[in-house]
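The same chain A turns up in both complexes below, where it pairs with chain B and then with chain C.
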Partner chain A sequence: MKLKLRIWRQKDANSKGKLVDYDVDVNSHMSFLEMLDELNEQLVEKGEEPVAFDHDCREGICGTCNLYINGRPHGPVRTTTCQLHMRHFNEGETIVIEPFRAKSFPIVKDLIIDRSSFDRIVQAGGYISVNTGSARDANETLIPKPIADEAFNSAACIACGACVAACKNASAMLFVGAQISKFALLPQGKAERKTRAEKMVAQMDAEGFGACSNIGACSAECPKEISMANIARMNREYFGAKLTSTNL
Partner chain B sequence: MKLDSKIPEGPLAEKWNKHKFSVKLVNPANKRKYDIIVVGTGLAGASAAASLAELGYNVEAFTYHDSPRRAHSIAAQGGINAAKNYQNDGDSIYRLFYDTIKGGDYRAREGNVFRLAEVSVNIIDQCVAQGVPFAREYGGLLSNRSFGGAQVSRTFYARGQTGQQLLLGAYSSLSRQVATGKVKMYTRTEVMDIVLVDGQARGVVTRNLITGKIESHAAHAVLLCTGGYGNVFYLSTNALNCNASATWRAHKKGALFANPCFTQIHPTCIPVSGEYQSKLTLMSESLRNDGRVWVPKKGGDTRRAEDIPEAERDYFLERRYPAFGNLVPRDVASRNAKYVCDEGRGVGDTKLAVYLDFADAIRRDGLNVISAKYGNLFEMYEKITGEDPYKTAMRIYPAVHYTMGGLWVDYNLMTTIPGLYALGEANFSDHGANRLGASALMQGLADGYFVIPYTIGDYLAVMPWDKVSTDRPEFREAEASVHGMVNRLLTIKGEKSPNQIHKELGKIIWDYCGMSRNAEGLKDARQRVRSLQDEFWNNLKMVGTGDELNHTLEKASRVADYLELGELMIVDALNRDESCGGHFREEFQTEDGEALRDDANYAYVAAWAYKGAGKDSELHKEDLVFENVKLTQRSYK
Partner chain C sequence: MSWVAQTLNSTLGRKLVVALTGLFLCTFLIVHASGNTLLFRGDGGQAFNEYTKFMTHNPFIKTVSYLLYTSILVHVVYTAILTFYNQKARPVEYAYSKPSANSTWASRNMGFLGTILLIFIVIHMKTFWYEMHFGNVPIVSYEGQEYKDLYAVVKWAFSQWWYAVFYVISMVALSFHLVHGFRSGFQTLGANHPKYNPLLSKLSWAFGIIIPAVFASMPVVVFLQSL
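Then we have the complex of A and B:
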């Protein structure tokens, strides 16, 4: 299939970028990233700089890949960019490929962004303080299956940042809500729940992410279908913590 | 060189405890005087970095990813083994040990494997305490399932995303230590070389992948937790950026590389669809719990799977191995899939696939039960192939998945370079010639959480606290050689991209050093790899510069190492005149086509020493001593 690609090219963080057009002829069984591989092989052959994009596992779990395709994070199908296949596009179509856009995700080069803000939010409190070796027998903590399943659903987040890219406010509340929820739901996470909510929300604000206005685009575009309930739970955790906080 | 495995004396079950008591300790106040470099942040690296920082050591951790959470451990699906015997089905530490030794076709060390089985139970406790949401029963207890090569249910899992959840657990502990300042985290930073001072590993040279800046970092010890070398094959289930450069460069600095030909071909992967294919996707082995593997009895049968009547199907694993059926170990399942395809009975467009069929399981347990167990895997299959496995049988074919070989390490996980350790898939120690399913996660975490925190103390306790300066000539020389290599790559003005050469290498290794091997083919392959090495250094097409983000350069630097490591894999496969586990030499098989070991001559670890560019590597043997298990022909019938 013949396609026109319109791709964001930007030399580095400090340069001005622009959209550049490329014509490609690809196989519809290819994955989207294999299509870009092919383009890059052709560019290298011509001695031109290939398009830089982040990717790694190519099985939808590492969360590295992140492209804004035709105005949607990860493109037209609810999946990660690496799991998107060319059969979802039509002959002759123009595909616009941009980086995820948010102030808190500065562009590094071409389609590569810096999502280290997510790591810093986790460092602020996204853990249970348990040193290696100090755990008791695993079956001494009973966790009803529905609770374990719900915690798993929150923990399935791959930190790709699609929620931020989908949000008109560039809010990270779905991501942060999922991180807070996966611990808040479990008995092991209860001890630090207040501090965790306070610190992670504070870091989220410090990173410059926007507020939530309950549109739900984040969840609708999330490749792992993280639900809006995580945002509600985060707000509950946060307000509860603020009202009864011992952190002054 | 005499290889000393340092396996403690005494009864198997007492070795580790005895060793933990006999190793030297570093007192808590002194730990803060030692710096440790951890390369890689997967299960082994993240767990080691977090645990060592908790103890009080200063850790510098490196990853080429944008975040430590993206390491490829995250993609492990099926589960993690532990000898908890929660199911009351006859499991024990000894049984896990025995299954692992047998599964590895008697080419692993008894002492290491027993320790692995021993600490497996602590891993589950640790992970639950971290908040890892393992699958649960309704009463709140942990759930288990069974995996290949075992007749008990000892595998703990979190849907089909166990690796993700375990890695996020280790990442959370690591993040906590980053916040305290005990771990300094370097992301998008690739380790380019290991630096030795007076024969000891004292640091690394890194390249900042965004700015291209080459820098030195000094420490008292260096841990390589950099995974395996499956990407030598070009197409594998590894992530695209997984590479062997850190271990290979350590090898060139003097660390012996053990059993490089022991590579694992995983039986249940989505088949190759075309030339453009960039990677292969694994479908968890857990699918073999309920899926039945078959091909048509007659070759050239072009009917759809569901149109072929029961009587005309050959459930070849159930037929040949009634005791283990579809749950035979990976090497056996892969080889048998290859046999039936070689016979012309393969299915799908390429005829290089067999069916994995859930129709019976869905009829027996209902759609909901099957969907709850495997839903995400079925979805992944559908996304990639466009076919619905609830309605039609999956097509699967073996693909490279894991490498049992790796840097040679002793019982303390130290390589032959003092102060240089290798953990997880990067070392060779626990899986012999074949790894059992759900044991990689176990080993990565065992090494990081429960082994290295004890054994590193033994080395550091007698080391002076003094730091070495990165201004020393050893660091300057290593930096200069990295600059030299980068410049050399960038100035080759040839025609072929690094990716093209990598693809050609992969095809040679897969065809001649893959699922089955023979002496003639291996000799031929070695010549081909050698000419490809020449072509690489003379006909490489490069773009961009060294002082910017340059993926072509990163790839070229990794392919240079694959070309050398690929040759060593071939040399090792040629040396081992026997078949064992994943290493199947066609000349050495039983009458019914099973791997035929030669324990009299090959019950050893083949550890290779690098002797310089273009020179033959030198073989050192570590004889494997079996005091507890009797070596038998592995049978799963």
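Then we have the complex of A and C:
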């Protein structure tokens, strides 16, 4: 299938970028990233600079690939960019490919962004403190199945950043909500519960993400279907922590 | 910074302030809309004028009204602050974006809708609130008691077609603002539960349609009666 690509090209963080047009002829069974690999092979053969884009596992679980395709994070299908296939596009279609845009996700080169702001939010409180030593008994801490499932749904977040990309305010609240939820729901997360909510929200603000206005675009575009209930839980955790924690 | 100031200056704290003031303004709308239906009594405005006298003289109502003015101001100021930082969070816009694929128009344009409502409130307050308090409203008397005839002011204002149209357009904006804002306020307060979400969703639609419809019917009916 013949396609017209309009791809954001930017030499480095400090350069001004622009959309550049490319024509490709690809197989409809290719994944989106394979299509870009094909384009890059052509570019290298012509002696041009290949398009830089992030990718790793290519099976939808690592959260590394992140492209804004035809006006939506990860493109027209609710999945990761690597799991998007060319059969979801039409012959002769123009596909606009941009990086996720947010002040807190600065562009490194072309389509690659720096998402270390997410790492710093996790470092601020996305952990539990445990004694190391020999492995503990599997059923030592009993957790009801519905709670375990709910925590798992929150933990399914792969930190790809689609929520921030889709949000008109570039808010990271779905991501932070999922991070706070997965610990708040489980007994292991109770020890640092209040401090975690306070510190992660504070770090989120320090990174310069916007504020949620409950439009729901984040959840609608999330490839792991993280629900807005995570944001509501974050709000409860944060306000509860602010009112009752001993952190002054 | 004290923990209270710290909380209120966080993004979540600012959202909380917007949600609380917004939901308080929603309760005001219920009172305002139901009270003003007295315009339809067909008694030449007696019940409406007696009601307005009560609303401008009762000490409890007066206290609540100051809370109301403050809420409007705080709601506007805090949403302006949030919007300022939200815009800074994405300094470079997408070349091509398709937001209609994942969110409703009203939810993305609360600032625009709110601005229309703010302009409406200023004009509305000038026409009725300012006239009632500081203007020359004619006096009527029922059973020996004197009342300001605000009913006459209402009839005069809504008999002008452009004024009635302006009100109806503003109420359409209010409707869109409420359908998203009502539900959104509860979400910010942390209310998101599988048992109550369908109810909240239906309530926000009902609230966002019924309240503005009741308000919009007033200029329409008064204008038609003036013909």
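In the analysis below, the second predicted complex is superposed on the first by the 244 of 248 C-alpha atoms of A that agree within 3 Å, B and C clash if a C-alpha of one lies under 4 Å from a C-alpha of the other, contacts with A are read in each partner's own complex, and residues count from 1 in each chain.
Please note the rule applied: a residue touches a chain if its C-beta (ideal position, glycine included) is under 8 Å from a C-beta of that chain, and two chains touch if they have at least 3 such contacts.
Being a predicted model, the structure only gives us computed values, none of them experimental.
S.K.: By the touch definition at the top of the document, which applies to A:P50: first (chain B), second (chain C), both, or neither?
M.R.: After superposition on chain A, A:P50 lies in contact with chain B alone.
S.K.: Identify which of chain B and chain C touches the larger number of residues of chain A.
M.R.: B
S.K.: Would you tell me which residues of chain A are touching chain B in their complex?
M.R.: 11-12, 27, 29-31, 33-34, 37-38, 41, 43-45, 47-50, 52, 54-64, 77, 79, 83, 85, 87, 108-109, 112, 114-116, 118-119, 122-124, 126-139, 141-145, 148-149, 151-152, 155-156, 158-159, 182-183, 186, 188-189
S.K.: Tell me, which parts of chain C touch chain A in their complex?
M.R.: Chain C reaches chain A through residues 3, 6-7, 10-16, 82, 85-86, 88-99, 101-104, 107-108, 110, 180, 183-184, 187-192.
S.K.: Okay, in this complex, where on chain B does chain A touch?
M.R.: Listed in rising order, the residues are 47, 50-51, 54, 65-72, 74-75, 84, 86, 122, 124-131, 133-142, 158-159, 161, 164-165, 168, 171-173, 175-176, 178-179, 185, 187, 210, 237, 239-241, 273-274, 276-279, 281-282, 380, 383-384, 386, 449-450, 453, 497, 499-500, 541, 543-544, 548-549, 551-552.
S.K.: Given the complex with chain C, which residues does chain A contribute to the contact?
M.R.: Touch residues, chain A against chain C: 6, 8, 19, 68, 70-72, 76, 96, 98, 101-104, 166, 168-171, 173, 201-202, 204-205, 208-217, 220-221, 228-229, 231-236, 238-239, 242, 247-248.
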